[in-house]
Structure formats: structure tokens, C-alpha cells
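Okay, structure first, notes after.
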Amino acid sequence: KDSGSSDNPSGGDSNAAGCKTVDKPAAASGETTSSTSGATVDGSALKIGIAFDIGGRGDASFNDSAAAGLDKAISDIGVKKENTKELAATDQESEDSKLTRLRQLATEGRNPIVSVGFAYTDATVKIAGEFPNTQFAVVDGFAENAPKNITWLGFAEQEGSFLVGVIAALKSKSCTIGFVGGVNVPLIQKFQAGFEQGVKTVAPDAKIVSKYITEAGDLTGFADPPKGQVAAKGLIDQGADVVYHAAGASGKGVFAAAKDANVMAIGVDSDQYNQKTVADYKDVIITSMLKRVDVAVFDYISAVATNNLAGLPPVFDLKVDGVGYSTSGGKIDDETKGWVEAYKQQIVEGKIKVETTPSS
Amino acid sequence: MTEVETEAAASPAVALNGITKRFPGVVANSDVHLTVHAGEVHALCGENGAGKSTLMKILYGMQPPDEGTIEVNGRQVAFRSPSEAIRAGIGMVHQHFMLADNLTVLENVVLGAEGLYGIGKGARRRIQELAGSVGLDLDPDMLVERLGVADRQRVEILKVLFRGAKIIILDEPTAVLVPQEVEDLFTTLRTMRADGYTFLFISHKLDEVRAIADSITVIRRGTTVGTVDPKTVTSRQLAEMMVGSELPSPETRESTVTDEVVLQVEGLVLETGDGRRLLDGLDLVVRSGEVLGIAGVEGNGQTELVETIMGIRKAASGRVSLNGRNLTRAGTLARREAGIGYIPEDRTRHGLLLTEPLWKNRILGYQTRPPTARGAFLDVAGARKDTTRIVEQFDVRTPGIEVAAASLSGGNQQKLVVGRELSGDPKLLIASHPTRGVDVGAQAAIWDHIRNARAAGLAVLLVSADLDELIGLSDSIKVMLRGKFVADADPATVTPEDLGSAMTGAGHVDESGLLVTGGEE
Amino acid sequence: MNARLRSSLMAPVLAVVFAAALCAIVLVVSGANPGTALGAMIGQVGEGQVAVDIVNSTAIYMLAALAAAIGFHMNLLNIGIEGQYRVGALVAAIVGGAIVLPGILHWLVILVVAAVAGALWALLPAILKVTRGVHEVISTIMMNAIAFGLAAFLIRRDQFGILVGNNVTTEPIPTSGQVPGIDLGGRGTIFGLVFLAVVAAAVYGVVLNRTRFGFELKASGLSPTAAAAGGVNAKRMIMVSLLASGAVAGLVGMPEILGRDHAYTLNFASGYGFAGIGIALLGRNNPLGIAFGSLLWAFLEKAKGALDNVGVPKEIATIMQGAIVLSVVVAYEIVKRMDLAAEQRRVGRATGAAVEPEAAK
Amino acid sequence: MSMIDVQPAASGMTMTPPPRKRRIPGWAVFTIGTVAVVLVLAMTSYLTGQPALTSSSTMQNTVTLGLPILLCGLGGIWSERSGMINIGLEGMMILGTWGAAFGGYHWGPWMAVVSGMICGALGGALHALATVTFGVNHIVSGVAINLLGAGVTKYLSTLIFQPISDNPRDSPPIEQFDTFSAPGLSDWLGDLEKDQRVIISDVAGLLRGLVTRVSPMLIIAILLVVATYLVLWRTRFGLRLRSCGENPVAAESLGVNVYFHKYMAVIASGALAGIAGAALVLGSSPSIYQEGQTANRGFIGLAAMIFGNWRPGGTLAGAGLFGYADGLRLSATPEAVHALLYSAVIVVGLLVIWQLYRRKWTSAMFAAIGAIAVYALYYFTDELPQEFLPYTPHIITLVVLALAAQRLRPPAADGMPYRRGEGD
């Protein structure tokens, strides 16, 4: 019988000293701006509709994060729960199911309507045209020449990923760092690009190995923990001792592989250290890249309530805390934090521009 | 078992009393009475569809009777499944082989009777013990698909013996056998009869029935007409009991053979994937107005010859021409269009689309020409009209041309196929077992049609296992053995026995290749 | 013929009763009122553009089901429709976006490209089946998976993909290549290619029942041996029918792409192929049956959204689809058996295969 | 009149059947095949410098990913050997994943297997009811069961798991099996593997993958392979079951209860698919039911079964192929997958030699051209397009089938409708 691995996940089996890093950047100065100011907002008149992506509320990920934004609006700015309506997409549905869903919300007089996921982009463009007096927002969406009543809630995932890349470079002993992507699509490539850039910026010599579970079009890559585990294990076998994943539910397998091999892992989207389903592996999760869909949704609702859509940021990036990193679990020491904050400052100030497509 | 045997002397082995069995629309058996004594071979005769098989299936527990009682060895029984019949000592060899090709001989034999000797060594030993008594000499671990018909028949009997059956039903066991094989089978049966086995024997071949049976029961239209003694009854009388009319004969009288060569086959070779020769350099000529008969034990290449001439199989070498036109490279459809009609040996597998209505079956093989087609389109009206003609002209008993072919009886299906293949003025008719499994009435009708077409100049290549038919219809006969023609025979002089021995390679031929008739010595 | 009419009506009626009963049980067990649920679903048809969506989906399902039915006639199970329509749609979108031709010609070319691409994706399984005897089920399952690979490869940004927001699409098809629909204003737009499905079904019906090709196809399926003896070239028929099936499958994505999306995107819907197989079997491979089956399927698919409104879990709709498929086929089976017995009774009476006991005496 | 004797009579009465080729027993074929595969991989690994091809971790991945496929494939064998096509394996497997999560959550991993099995068997029973009793087309019923499986589990997990896991698509994690290693053996093999000696290290690597951190699931699966073989080919029940798939009318005429055996077979098939679902759940970390997690593995299982010629050993090989290829491309570098092309060259090269030996010149020539083409592909490229890598096993399957399909033999009555008392 095998004993469970219980050693402290401080690094791989190598006694390597870690990466050769560049000089530590100057310490961060000043505070970053916070998104919404303290002005009181009254949302009690809003009838909000929200169209979730596959999974809907309770998926412990993307949709839940959007739901949290809505919940915050209910608790903080007086949106009435009975005035909200949630609908969710199903597997393999066709475009007109999305159209119907949005149209139903719009016909019922919901305003604003938030669609969650870039798959809603085209549908929202179409429906926004049909209902010019209703406000729409699409999380992760973007299209050129869209109607004026659509707000794109885009994120600078690459910037958040850059920061966890910095952490990975500093934490790695073997100086080999892994990335597991769920499905090889542009959105996930943004995570990979920022992460790689972050690692390389700190440790130009670091080796980065990455793997996608499936290719574009085959969404099972986001829902296959065994394959996530095998992929992560492969990267670990290739020497990686920090593995970052952007693989949805398959990420559970990535954590499992990290725990098995006693290496470090980095979560994604929400603070996975605190997530129930991966509680068994929390001690290997050193940080998570946060994508604050909740912040975006909440800010958007507030902006609609105050009729100040122009005040919303064009993308939710580091500057507005639309992305970030988590420190739960106490694996990020002050030294590391210093590095990260310094880079954050540089990105916010525009000194570093983070790429959205991987170099390789 | 032993106590049953002693008891058997007193009570009959099988007594069926007042059996009635109805199927939707048909009364297959009505008030049948049949008594079979222990240790006898009891034959059952009757037209197609008379209800013989049904009666036997009832006795074997495959179908429950609607009325009537069954007694086995004096004890009344009511079988709900074949396994109960088997337990009572009854075995049945079915009209159609009941073997699984992809299982071994051993597996086929022990199936359902694994309890007796297990499925391993014990069973193998038992099979080897029994194999001798049915003349079977092969490895029990051989796959059945590799066996020829006669061996399959033996495996069927072996199955019955293996189960310790004392009362054995044989439903048309000789339909696929040649005279010598039939004789071998009869020898086996006689030996076994002496050992105390009881047989119920079904056959359409009345001579055979008289040769083997101790008593004969005739069934007509589902009911027993009477039981007769084979020593006193003639075949003609038997036939009259069966159908109430005279036994027809296939004789062809005056020759209509002309000089005009219709079919010419030269050096035809057909090979299996691994290079074995199924057809080994065959030459033949059929002239206008001539019927050329091919005799041979099943499995010696007749099927392959016919299918190669039809283009269903691809010859390795050789030449086939029709009226001087080279058809060697043509496909089946082109050959049919060139004027070949084809009555396949197995109408249900090769001749008909069973679930389709009759008029659609008329189109099969004629999908490119009038009256059933116009260009790329079917001529539905034409097909219907011509089907009606066939139904009338060939006396196909059916309520209409819209019924599925499957709901016709076998004989009527065959008449439909013959009618279709004689439509469209063929120059050559290839007829494989044209009357197999067909009752005497329909048989005579089919013979008449072939004879008339021949008189009108049709060339016919006839393959048949029924040697009387072959001798009666043909103008000349070729004997086939292992893919070669080994002898020619003159139907005017040859006897079925001579032909039979030539078919197994025991015959003698003179230097011109003609079979020497009048016995082997 | 009266009996025929009666029995052909009886199957669907029995099926609907069967299916309704099954679904009602499922609903009641889950604590919902079947009446409310059904009412909500039917009510949904009147909402917004749902009715039009149903029509549009029906057309798509019909194409998929026709593709499956062509194979079924020859006892070929083309599981590969899924991959064939994906490849057909992608290649057609790429070609359509790359060329400009005047009006009708443009989208005709796109349709032909889609059909050819779909057929080509069926070519390998067809060749393997004919030359090597590879079972088409396994080869098409493999081809479905590989189609995803091909799609991912072709839509790469260094191939034919362009990035739009977080999505990747092909070059949009210019207006000349877009098929105009019937605009019903607030009710939505019926895809122009709905008529493609209708035409396809009609052509299918005629070809199958009225032409030599259709006859040979059916004959090969019913009895390969009899077909061979009747001069049908089995290998050719396998090739032709699999390719034809693939070609029709290639068209499955076209109504959406030419009528609405004007490009192939990462969101391209999947699952039509499997639905098509189910519907073809529901419709007994018969064009009218397929049309009705598609309509039923589309209704369930589009109206199930309404279940959320009345507090019934939407998953019930999937259960209902399964239950309906099962109950419909069971009903067909029962009616078929009754029919057969009736026909044999008829034949038996007409031919007097055996006389009644009284008459025997 | 001189008489010429015709050939003497044949020993039998009919044409003698072709001389029987000696049938090599299945286990021998399997062993030889395994050895050959290992040798080819070892050679490739040595010649291309890609130890990943034969590493213990690759072997473990093969096991992880291949197990559910193997179990599904076994399910397929049971059903199809009795003549029932089971395209509903995917749906039954989905039911199995749900059942396993439910049972596992309440009563631990062993009950996860049992309850997965029961749920799968229920799916099988439904399939049997529709196809055997009502005579529904096997494929329609299978398609319906796939729909039902997905629908029912979604529904049930909303109902039962969501309150515990706060997520309608996930179950709460369940306890996993403890894994076992053969301590001395595993380490010794590990040392051998590290030595990088030709063949020895390769074999050691593969073996080590099999004896290190073994889950009871693997042992169950291996036992089920053996049990499937023994039951189907060595017992009377199995003989009867197979006879239903070859010639049900004959079986019926010998007193075999065909309906009963078909029912048993299809239910067993569903049970195995359910165990496959359990294997998938227990093989994931954390072990949970998760919507969509089967990801068409049921269909792949069916493919593995056909690949394996409807036999357990062959199915094992097929599942191994899928597990290996998928595991390799997920865990190894693209170069390692590329090296498989080299294996292909070796295999085709061997084929050339074989064809030359059999004096089949044209086949040899075609094979040689193929070998050169594949070698050229290997030589001139460094990586295969990554989009196609996930489909490596699918492509390999197609190639293998193209080369060997003629040897496959489905049960004669597979998929045929059968009704009691309707044969003649």
C-alpha cells in the first residue's frame, strides 16, 4: 500500500537552487485605484436578467463568479432579488437557443441583461439591435461595430497571468514551469501568453512547458480531470515544479498531479485555495490568478443604476483590479509579494505591455 | 432409459391424437392422428405446406398444439419447450440446418446439453464415440463453417444422438444429399433401427420413402389421410394420396437442339483468396433449344460455376460469351441485359426481396429495361401490369401483387421467380434447382414452362440435385467433381445410380468422356 | 388499402399516447404537473421567434436525418455525419469567404463545396469498407474525432482563422454568398435554405421510390445477396451511398452559416449528427416521417426553455427526448407485428393454404 | 472399349474442406503481440532517444486512460456476443458515473463500484427490454439510452448532488481506493529503468508502470477480462450466450432460452459499462461525478472491442492502444509522439519482409513505398501539427484496421432481430 504523500510541497525532488532571476524591480509605490467609489448607488429599480454559460450558477467557476457579482448588487445596492432572472445554456445548444434566451429576457423587460461567456457575443449583438432601449453586457465578449447598448466586459487575463508567472519563476527550484490549458482557444492562449511572459521577465532562462488537453472545438478539455492529471504529470515528469492551469474542471486533475508529485500548482479564475471540490489539494495551491467577473458584473450593474456606463473601464485589467492574484494559504511571502507588486505597478503604468498570444 | 425400452414394446413410441394447430389465417394441422411404433422408421409424406413440419415442431415442443394430446412411450406429455422434449428422449433434425457456423462441431453438439458430459474432455470423448455411428470423421474442434453439407447433416444427427434421443425426427434430411449419400444415411438408419431407435422420417422423394420406411402416413391439407404399408404401395399411389392427382414426370420428348451456340464458356477458372481452384478450367457450350444439365454433389463447384457465369463472382481466367458476344468482363447486370435469365438456387436469399411487394420483386434484375423501367426511372405501372401477367400465367397463388413476397408459400415464391426470369425473352436461362422444395403440382408447372421455352429456342443451363429432374429435362448432362467436368452422360440411357456414382468419382467413362452406363462392374 | 391506412395512422397515434404517458410519469415523479409543463412548452411556440426557430431547426434536423437515412437503406450506419457536417461547414465557409461571385452562383458554389467536402470526409470510410471490409461504425467514429482536429487546424490563425474578440471565425462570407431568408419581422427570419431541406427530402423521396438508383439502394439493404443476383454492384452501392450520405451531411451546417452566421466560428453547434440518426429511425427513413420527426425534435429542443419558467428542471426535456424515441419505436414495432399477422391472415384466406377443420371433413 | 478411371473418390462425400490451418490459441497470439509491440517500442525508444515511449509513467497513464475504455469494450463483447448491438454503452457509462459517485459518497469506494455497476445494469436492462422484448432496432434503442443516460443523470444530480456540492454539475468528492505498489520489485525495476539499457530498461519501465501505485480498479479490470474469457468461452452459460449471437434459431431448437441469455448479456454489458463509469470516477482526482466526464469513451470502448475482434484479449489491446496513444500525447513532448512515426516505419518494414517471405511482391512493394513515405515524413518533420495529436489513437486505429480488418469477424447474428418461434 502506498502512503499518501504528506511532505511539504516546497519544491520538486531536485535540490536545485531555483531560477537565475533578473534584478528585483523597484518596489511598488502608491495604491492602485479602486473600481467604484463610495458614492451610494440605488439599484432597487433595476430588473436584471442574466444568461449564464453552460453550467449556470453553482459551477464553482466562471458562472458562479458572475452570480457573485449579481448577489453583491442585491446586497449592496438594493437590487431586488425577485426582480432578477437567471437562465443557463445547455450543452451543444445551437445559436438560436441563445437568441431565444436573450430575447425572452428582453421581452420580459429585463434591463440590463448580462450574458456570461464569449459564446453569447453574436447573439447579444443581434438582440441588442432588436431591443435598442435595453442595456446589454457580455462577459468576455467583443465584436467590432456593435450596437451602442452593448457593453463588453473584457478582462486582461494575460496581466493576471503575468503576475502568477512571476510567482512561478520565483518559486520554482528546477526552473522548469508548466502550463496546462483546457482547450486551445484564443481566450486560453491569453492566459498562457501572459504567464510565459511573466516567467521569462523574471527568469529569462526558465524553461516553460505547456500542454493543451484538447484543441479548439472540442470542449471536453474543460471537463476531463483524468486527462488534466495526465497532462500535468507529463509536465512534471519533464521537470516542472510549478504548474499553472487554465483548464476549468480539468484543473482538478492538475492539482491532483501536483499533489502526487509534491510540486506547486497555481489556480485560476477564482481563489481555488478556498474551493470545496479541490479542498484535498489546497496545500499545493500557492496562488490563483483571479479573474474578477464578479467585480465586472457588479460594476456594470452599478454603472447602469447610476447611468454612468462611460465610467466603466474598457477592459477589466490590473489597474481596476479586474484581474489579480490570491494569497490565501500563506504561500506567498513578503519578498515574493514585493516582486509581484512591483511588476503590477509597471504593468499598470504601462511600462510593461503584456502579450495576448503565446510566442511559441 | 432401460425401463422405457422394455415398456416400449407394449405402448407406441409416439401417439399423436387429434392435434390441431392454427396460425393466423391458416390451419396447419387439424385433427391429426399418428401412431409410431418403437423401433420403426415411420415416414410422413405430404405436399408443401401440408403441415408436416408443424406437426413435428409440436411433437418437439417448439410450438404448443391448440388441441389434442401427445403420448410418448405411453405416457401423456405436454412439452413447453424443446428441452422438455429432449428430456423425454426426442430429437429433431430440422428441415433447414440449425448450426452456428462460427462455433466448433463440439460446441454445436453440446449446446443445450452441456449437463450430460460437460463442455470439455468428457464431451469430446463422447462425440468421438458417437461419430463412428454416423460416419463422421473429423476434429470436433473444427469450425462448422468449414464443413460440407453431408458432414453438416451428420453433425445434426450427432447432436440428436448426443442427447440420448431414442425417438428421432428427420425433417427432409435427404433434400441436399446425392443417392450415395442417401444410401449411406439409410445404412446408418437401419443400423440404428436395429439398436432400438425410432425414426420419424419426412421426405418428398417417394422412392426413398418406400425404400426406408416401415410404414407411411400421408398428410394432406393439415390432416392425416391414412397410413399405408410401403411394401404394397406404389409411388404413384402415394402421390395420388398426397395431391389427389397423377404424379407428373419431367420427361422431355423430342429434341429441339439447334446448331446455334448461345452460351460458350472456355477455360473458366475461379480461385479462392488463397489460390485454391474452385473451378478448374471448365469448357461448355449450350445451344439454342438445348438443356444442358450439370450433375454434381453439392459443394463441387456448381454454385460457383453458375455464379461465375452470372458475373457474381469474378473469374481468374477464362472466357464467357453469349451469342458470340464476349461477356467475360461484363458485370451481372450487363449479362442479364445481354439476355440471361437466372433462377438462383436459394430463392429467399438470392431471388427475392422478402419484405417487398410482389411487383417490386418483379423489378429486381430488370431495373434498367422495359417494362419495369424507363431510363433512370422505374416504370411502376409497367411493373405492376407485368406482375399481374406473371401471377396469372404462372398460377402464383396470391391475393394480389401488393402483398410482401414473404407471405407467399415457398412454391408460389418459386413460381414468381421462374415467371420473372422467363420474361423479357431471355436467350439463356440458368436454372439452379428450379424445383427445390416445391410440391409436385408446382413442380410440373415449372417443368412445363421450361420445356415450352426450350421449344421456342431458349438455351438452358440446368443445375439440379434431383437426378430424375436432371435426366428428364436435359438434352445432355455433364458431371462435375471438385471443380472439373469429369464425365458426360446421355440422359437417354443414364440411370440416376450411374450418375450418382460418377458424381462421387466412382463412375467410369469411355475415351470420349461419356459415362459408361449400366452399373460399375 | 383501408387496413393499410388504418395501420399507418395507428403507429403514430399509439406512439404519441405511449410517449405522453411516459413523459407524464417522469414529470409526476419529479413533482411537476404534466399539464402545466406541456402547456408551457406549447405556449412557448407562440413566444418571440420560437416558432421560426423551430422551423429553421426542423430543416437542419431534416438534412441530418436524410443523410443518416441514405445510409440506413443500405444497412450502413453512418455515425460520421457529425464529422462530415463539421468539415463541410468549415470548408464551405472558408471557400465562401474567399471568393466573390454574383448572387446565386456564389451560394450555389458554397453549397456544392459543402457537399463535396462532406462527401470527401466520408470517402475514407467508404474506401476502407469496400476494399478492406472495415466496419463503417468504427471508421466513422474515428473520422468524427479527427474532424475536430482538422477543424482546429484549419481555423488556426495562421491558416484561415481570424480573431474576433475571444472567438475565432473564418473570413465572413460576403453578401453575395449569403442566402436571404423570409423576414417575418418580430417573429424572426426563416432561413432561405429551409427550402433546401424540403427539396432534399423531395428529391430523396423520388430517387428512393422512383428511380433505378433508389431501387438498387433499397434492394442492397434488404438483401445484399438478392441484390447481387439482380445485378446490383454492392461495392459501388456502398461507395455511392456513403458518399451521398456524406454529401447531404455536408449541407447540414449550411442553413445556419449562409442564413445567419456567415462564417464558421468556434461556437459552431455540434450534435446534429446524432440527432439525425435518431430522427431518421423515428421517421422510418421515410421523407415525410423524417419531416415530422424533425419537427418533433425541434419542438422539444426549442420549447424546453419554457420548462424553467414553470419550475420544472429543463433536464426533463432530454429525458423526454429519450423516452419519446423509445416509445415511438416500440409503438411502431407493435403495430408492425399486428400488420404482418393481418397480412398473413389475408394471404392465408385468399390462397386457402389449409382448409378450416370443418371443411376438411 | 477401354475405360479410364476417373479420380478416386474423395474421402468425404463432398469436396474436402481446405486443410485446416493450425489455430494458434488466443493467449499465444496475445503474448506474441505484446512482446512484438514492446520490442518495436523499445527499438524506437532507443533509436530516437525518447525514453518517454517506454517509461513507467507512460505505462501508468495508459492504465489510467485505458481502464474505462477497456471496461466499456468488455461490456460491448458481452452484448454483441449474444447478438445485441450496444451503442448505448456511453449512456450506461454515464449512469455508472452517477451511481459510483452516489454510492461512493455514502459508503466508500467499493460501494462506488457496486452502485456504478447497478446503475449501468439498469441502463442495460432497459436496452434489453426495448430490443429483446419489443424487438426495437438495437441502434435506435442505444441512441435513446444515450439521451436518457445524460438526461437522467443531469436531473438526478441537480436533485441529489447540488444540495451537497453546491453545484448541479458535480458530485461531492468521494473517497478513493488506496493504491498498492510491489515495493521491492517496483524499486528494482525503477533502477533498471534509469540505467537506460536497451530493451531491459524499456521492459522494466513498462512493467514498473504496471506494478507501481496499482489501484484495485486495475486488478478488478484484469480479473474481468479473464472472467469474461472464462465465462464466455469456457462455461455452458457462455456457450449458450454466444450461440444466441451466432444462430439464435438453432440455439432455440436445442432448448436454449434465447431471451434469457440475451437479457443476461445485455444487463451484464450495462453492468460493465457502469463499472467503467465507476473506474472513470475513481480514476479522477478528486473522485467526483462530473457532467460530461465520459467524453465519448463509450464509443471508443466500442471501437476498442471491434479492434479486438470481439474478444477480451483483443479488446485489452485496443484499449491499451487508446490509453497509450492518448497518454503519450498528453504527457510526453511532441517529439516523443513524433517518434511513433519511427515505430510505424519499423512495423511497415517488418511487413515488407513478411510479404517478401510470402512472395507477395506487389504487397511488399506497396508496403515498402509506405515505409519510405512514413520515414520521409519522420525525417523531414520535427513535430506533427499539434491539432492532430489528440487524435493519434484514432488515426492509428484507422491504419491498423485498414491493414487487418479482413481478420475481424463479428458474431453472425449481431444486430439481427430475433423472435421466439419465428425461425424455420
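All chains are identified by letter, namely A, B, C and D, in their written order; residue positions are counted from 1 within each chain.
Assume a contact is a pair of C-beta atoms (placed from the backbone, for glycine too) under 8 Å apart; a residue touches a chain by one contact, two chains touch by 3 or more.
Please read all numbers here as calculations on a predicted model, not as lab measurements.
Quick check: more C-beta contact pairs in A-C or B-D?
B-D
Indicate the whole-number Å distance between the mean C-alpha point of chain A and the mean C-alpha point of chain C.
Whole-Å distance between the two chain centres: 39.
When the C-alpha atoms of chain A and chain B are each averaged to a single point, how far apart are the two points in Å?
Chain A and chain B have C-alpha centres separated by 77 Å.
Measuring centre to centre with CA averages, how many angstrom lie between chain B and chain D?
A distance of 43 Å separates the two centres.
CA centre of chain C versus CA centre of chain D: separation in Å?
Their C-alpha centroids are separated by 30 Å.
Residues of chain B that touch two or more other chains: which are they?
none
So which bits of chain C are touching at least two other chains?
Within chain C, residues 148-149, 152-153 contact more than one other chain.
Using the touch rule from the top of the page, what residues of chain A touch 2 or more other chains?
Touching at least two other chains: 91, 184, 214-216, 218.
Spell out all pairs of chains that touch, sorted by label.
Pairwise, the chains that meet the contact rule are A-C, A-D, B-C, B-D, C-D.
Hey, which residues of chain B end up touching chain C in the complex?
So the residues of chain B in touch with chain C come to 20, 23-28, 30-31, 49, 51, 221-223, 310, 312, 331-337, 342, 344, 349-356, 360, 363-365, 367-368, 373, 376-378, 380, 397-400, 403-404, 407-409, 412.
Which residues of chain A touch chain C in their complex?
Residue list for chain A touching chain C: 87, 90-97, 99-101, 103-104, 107, 118-119, 121-122, 140-144, 152, 154, 184-187, 190, 214-218, 357.
Can you tell me which positions in chain A touch chain D when the two form their complex?
Those residues of chain A that touch chain D are 1-2, 55-56, 58-60, 91, 184, 209, 211-216, 218, 220, 223-227, 229-231, 233-235, 237-238, 249, 252-253, 255-257, 259-260, 276-281.
Along chain D, where are the residues that touch chain C in the complex?
Spelled out, the residues of chain D in touch with chain C are 87, 126, 130, 134-137, 139-141, 143-148, 150-152, 154-155, 158-159, 296, 299-300, 302-303, 306-307, 385, 387-388, 390-391, 394-395, 397-398, 401-403, 405-406, 408, 410.
State the interface residues of chain D toward chain B in the complex, per the touch definition above.
So the residues of chain D in touch with chain B come to 1-15, 17-18, 20, 23, 234-236, 239-240, 242-243, 246-247, 249-257, 409, 411-412, 421, 424.
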